[in-house]
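One chain, chain A, links the two complexes that follow: it is found with chain B in the first and with chain C in the second.
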Partner chain A sequence: MTILDQTAARPLRGGQLAKSRNGSVERAQGRIGLVFVSLYTLLLVVFGVLPSLYAIYLAFTKRGAFAGFDNFIRVFKDYRFLPAVEHVGLFLVVWLVSLVVLVVLLALIVHSIGVRWLSTSMRFLYYIPGALAGASSVMLWLFVLDPTVSPVAFVLHGLGLNSLVGAVQADRLPFVLAVIAFWTGAGGWIVVMYGALNNISKDLIEAARVDGAGPIRTAWSIQIPLMRKWIAYMVILSFAGGTQLFVEPRVLSQASRGVVSQDYSLNQLAFLYAFKQSDFNGSAAISLVLLIVSLGLSIFFVFKGGLFERV
Partner chain B sequence: MKLTRIIVGLSALMAASPALSAELTVWADATRQPAVEAFQAAHPEITVNLIVDDGSSGASGTFQTKIGLADQAGEGWPDVVFSTQNNDAAWASKETNGVQAFAQVLNEGFLDQAFLDGFTPGALDPVTVDGKVYGLRNDLAPVLFWYNKALLDQFGYAPPATWEDYQALGDKLAADHPGYFLGAIGDSFEGPYVYYWSGEAPIFQVDGDTFKSDTAAANTVKVNNLIDHMVANKTLTLDSLFGAAFVATADHLVAIPGAAWYAGALFQNPGGVNAKAGDWVAAPPLYWTDGAKVTGNVGGGVWYASSHTANADAVKVFLQFIVSDEKTAGTGGLPAYKSAADKWLDAQASSGFYAGDFKAAISAAAASVWSGWGYPNFSPETAWAKVITPGLASGKTMADLAADWQQEMKNEAQVVGYTVE
Partner chain C sequence: MSGAAARAHDLSPAAWLGRAFAILLLIVFALFFVVPLVWLLIAPTKTDRQLLLEAPFAFGSVDTLVANWSSLVTFQGGLIWTWIGNSAFYCLAALAIALVVSIPAGYALALTEFRGRKALLAATLIVMLVPSTALVLPIFLELSAVKLIGNPLAAILPFSFFPFGVYLTYIYFSTAISRDLLDAARIDGASEVQVFMRIAMPLATPVIALVGFFNFTGNWNNYFLPYVTLPGRKAPIQVGLAELLSNVPAFNPTNAASTTISLSSLALATLIAIAPVMIVFLFAQRFLVTGMTAGGTKE
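For the complex of A and B:
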């Protein structure tokens, strides 16, 4: 613990030093910073904040008149709502747990590889699938999952899966979707975690080694606690993305001729409400529920992970 | 300022001579593209702006989705839309969230009644609500019975005429020629339309705002048993008609009940059955020994006109051409318009690809589609795909799954606003 406190203090001192050295440089950087974020902020307002406000308006009205919680109650009573919550929940549990465990593990392993070219090419390999957008990676996985065309058909047959319909059955789907999401998303996070590991002072690792800590002990007591913020950051972003599950089941639905139902996830249900039932109010209510849940859990992880603590 | 003046000038010009500057926005699928291009060539005075989409195939809902967006935005409606589904009139004929119904009423003065009377009797039933016609059928898709005469002759079997014969043929094949088969139910349309609709099973009925589905009715149970029996002896496969597994075994297909459009999509398709000329026969539909001589229907697209259009005259010209022009109508299938259908049937018969009386078989099927099937604002295919396809794949039977299937259809009906019985 004492070791940790020392490192926490060190960058702080460095920061104070810089501040006292030249205040005007920081002000200039601040102005440039504003320029950099201005375009993002503009887009965020136009495509994020304003639509959210419109959704809040829609969710509490019906044909322009205030409707209280009617829209929410109608959506909650829908026979498709609870299964969709269950599907998304199960997917998130499978995916987030595997993401946290495997990404941290893989990052630690890659970081501990001493051979420079091997470590670099490993990171590059991990990252490649991340270059594919969600829908195209699903297309690729469709071929992998269909035993009649799959290059790993023997594995599928070994698991007792003899058709695409069998491979994407409802009870297996959270795992299938988690594998797809992990395959596309994990590489990028491994690279981020690698950066986080690089940030840990060599002296600290050195000191741990002198104290007799092996690689596992070092990882558990030094590296992982110091990666806490990055892990929290990954969980927040992945959670927000995961609750919005839409493209993967939608493409799977069309490819599996409807076996993956059109109302599999909450976002799909919101889509059906808006465009199948012409009920934009109900659709907005579902979206708002998603927003509140995501926001609540993000706040939890932000504080739990100490994301906004300055060091 | 200058730009405004030009726009004002242009719109004055457009108002002055509508025939010269008429522009139509048409949404249709890729299969319809040649037909739209044929119209453009025949009518250069009308500019067609074709936007290709999926034609809402597989009940994807593209049509309703895009109209929903236009309704919400208050602009962006097309002039004409093609949909492969024939139940869109259920929503397109109704006002939505205070916006007028999208579909233009086509009888009652919009098109000549004499022109509308030229359709095959019953062709406009799916798009007629309370006596108002909301769309024009592109093609008819009655279910008939296709069999491979060469194979049946080789095995020494007579072609079946009833569903009972069909099942008995399955037993003989399974015993003497394992591997040969009589159909597939891997897609979401074969089960509901080819087997249940043709088998007169009252599982998808609409009466006003009431939806009815009876999976315990006598005919429903008969179809359940037929499917379970033939899946069990492997003469019905669980593969998709358009999947790799089906195509790989297509030379073992002995017979199959299916829509008129199987002609082009399956038999004369090098990526499908790829039949040899003269091997296959289009026969009249199967029926129950103790039942009426009726059949089912698998799709048959529909053209809709927008009630928002500013070019009603051009829309009329377009619609009449696209459904009744003898070279264009039907877009490869059996045209719904009678005079075009006769020409198409003659051409098919004279090509001699199909053995037997092709024209008589298709005409008989087209005139006997069972009217007990409903066209509500949802499709039986989604419930089939969600409940039955995975259920059968995991070894369950129709008898096990029928109640769940019924419940899912009733739930869907309730969600879109029907009273459920």
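For the complex of A and C:
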């Protein structure tokens, strides 16, 4: 009897146990999940969400009262606003075009190197300048661009640039800024593209070769189309980052005796609003416009770019 | 190798030209990326006069290097060490917090179920793609509203917020560790915290290194945020470097400051400023070139 009871009871109890255990495991997981993300969520709110909301609040108010689009209209009408948009736009065009063309080209060439150590050291050489970002890379380029001390003075003279001030004249500045940005960032992207090229199946490339496709044809019809997502990723991140132009023109402005103006880029203008004119509302309005551009691109890419399909 | 050599012999003129062009391009860009750095290594061994007159890659002398060094470290009573110390403090504190915050968060997003998981993941991706500079002025406005400007926390806390690190950790845990492994530990009676500490963490070393690498190098090079939130003697080295620039008479002839900085000392300061990141780069070179760093180039 007791034995029968026990055997009859066992599966039942076992089943109940498993079920309640499953439930409690799920609850425990849910709890620990929330605990583990709590600090991060806090930082996300404090340094992502709140500053954005505060910028929105400031941009639409004046002395605490709702001001509609007044702040935006005021900064758009500022005589420095449109030139700043134009400067940033020109820089972006030059930079993005050179980035796409040269990064893809160099990645394809580096990837086609058969000798392993050579390909590795090339990638490392291209990558190293990434260690210099912000002020230090501009500082180094001040030397490179100054024909009196430059290691490539003959190149500068060849281009007709005989002084630092001449090298950073307004019409040349988008190119100068693009060269600096390319020097710091391109190596990293070449490595990224190299990784993307490694993910293309060798059979596919071999099949193309058997069909008589040369390296150019293979690159154009197979490799580049398969790198498309990564190229888009690079363009979007670089575009968003480029609109934020700040350090480079600021340091150049300091070094060129004002030839590069203090209000060259949009972020510099937003900075002047906050720090020189104490106009936080105007500053917030410019920041908000830039933030919306970045955020829009980012949201578009996360949901349409196809790089984050797991989500 | 012999196959390649044989093919090289059969190359048509067009293919030969193409190959020559490719090699030329590789070399030109290798020079473009490396020449400025090589020059920077040599410049501090020269006097300003030598910089102007001698061949750019001629080595100066060790004595001059020492002289430049002492003029730099005595500038305003060793201000450069204050800046370096500030950078180290902000970046290391931020690194510690970023790891403590990001690794568990990435783990939870990848391997646990909780309410709001998908939303948090989407928010992480979106914020990760927004350039960090886009939030600098809004963060400044916020911090100045709560009177934190000038406080070290004004750099440390924003530096610790690192959605890209959370994303890297999430990708790592969701591909490197199976849920079955964790379930097996749970059946053996391990609590959720034990599962994380004993199973997940020992396997997480590569991703901890990766997140640490990007967080540290990015923060060390960050200029804009500390420039607005930590003025004066609280500034880190990147901001200090730009500050030094205004004491270089070659760039600012009107500057009447009594203590000045020579061009070669400025080059030395730049070298010191990038040294920590350079060292990290050299140690990390093997994984840097594999393409594993995909997406890590975000500033």
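Some observations on this one:
Keep in mind that, in the parts below, the second predicted complex is superposed on the first by the 249 of 311 C-alpha atoms of A that agree within 3 Å, B and C clash if a C-alpha of one lies under 4 Å from a C-alpha of the other, contacts with A are read in each partner's own complex, and residues count from 1 in each chain.
Note that contacts are C-beta pairs under 8 Å (C-beta built on N, C-alpha and C of every residue); 3 or more make two chains touch, one makes a residue touch a chain.
These figures come from a predicted structure and were not determined experimentally.
In the superposition on chain A, A:L50 makes contact with chain C only, not with chain B. Looking at the shared chain after the overlay, A:S261 reaches chain B, while chain C stays out of its contact range.
Residue contacts after overlaying the shared chain place A:F280 against chain B and chain C alike. Looking at the shared chain after the overlay, A:S294 reaches chain C, while chain B stays out of its contact range. More residues of chain A lie in touch with C than with the remaining chain of the pair chain B and chain C.
Shared-chain residue A:R63: touches chain B; no touch with chain C. In the superposition on chain A, A:A207 makes contact with neither chain B nor chain C. Using the contact criterion defined above for the overlaid structures, shared-chain residue A:L96 touches neither chain B nor chain C, since it reaches no partner. Within the superposed three-chain model, A:T148 lies in touch with chain B and with chain C [touch as defined at top].
Overlaid on A, the two complexes show chain B and chain C touching the same residues of chain A, namely 148-149, 254, 256-257, 274-275, 280. Of all residues in chain B, only 58-61, 64-65, 68-69, 71-72, 91, 96-98, 186-188, 238-240, 243-245, 378, 381-382, 384-386, 389-390, 393-394, 411, 415-417 touch chain A in the complex they form. By the touch criterion stated above, chain A contacts chain B in their complex at residues 63, 78-80, 148-149, 163, 165-166, 169-170, 254, 256-259, 261-262, 274-278, 280. Listed in rising order, the residues of chain C touching chain A in the complex are 4, 15, 18, 22, 25-26, 29-30, 32-40, 43, 51-52, 56-57, 100-102, 104-105, 107-109, 112-115, 117-118, 120-127, 129-131, 133-135, 137-142, 145, 157-158, 160-161, 163, 166, 174, 186, 191-193, 196, 217, 221-224, 228, 238-239, 241-242, 245-246, 251-253, 263, 266-267, 270, 273-274, 277-278, 280-281, 285, 288-299. Of all residues in chain A, those touching chain C in their complex are 25-26, 28-34, 36-37, 39-41, 43-44, 46-48, 50-52, 54-55, 58, 102, 105-106, 109-110, 112, 114, 120, 122-136, 139-144, 148-153, 183, 185, 187-189, 191-192, 194-196, 198, 214-216, 230, 233, 236-237, 240-241, 243-244, 246-247, 250-251, 254-257, 267, 270-271, 274-275, 280, 283-284, 287-288, 290-291, 294-295, 297-299, 301-302, 308, 310-311.
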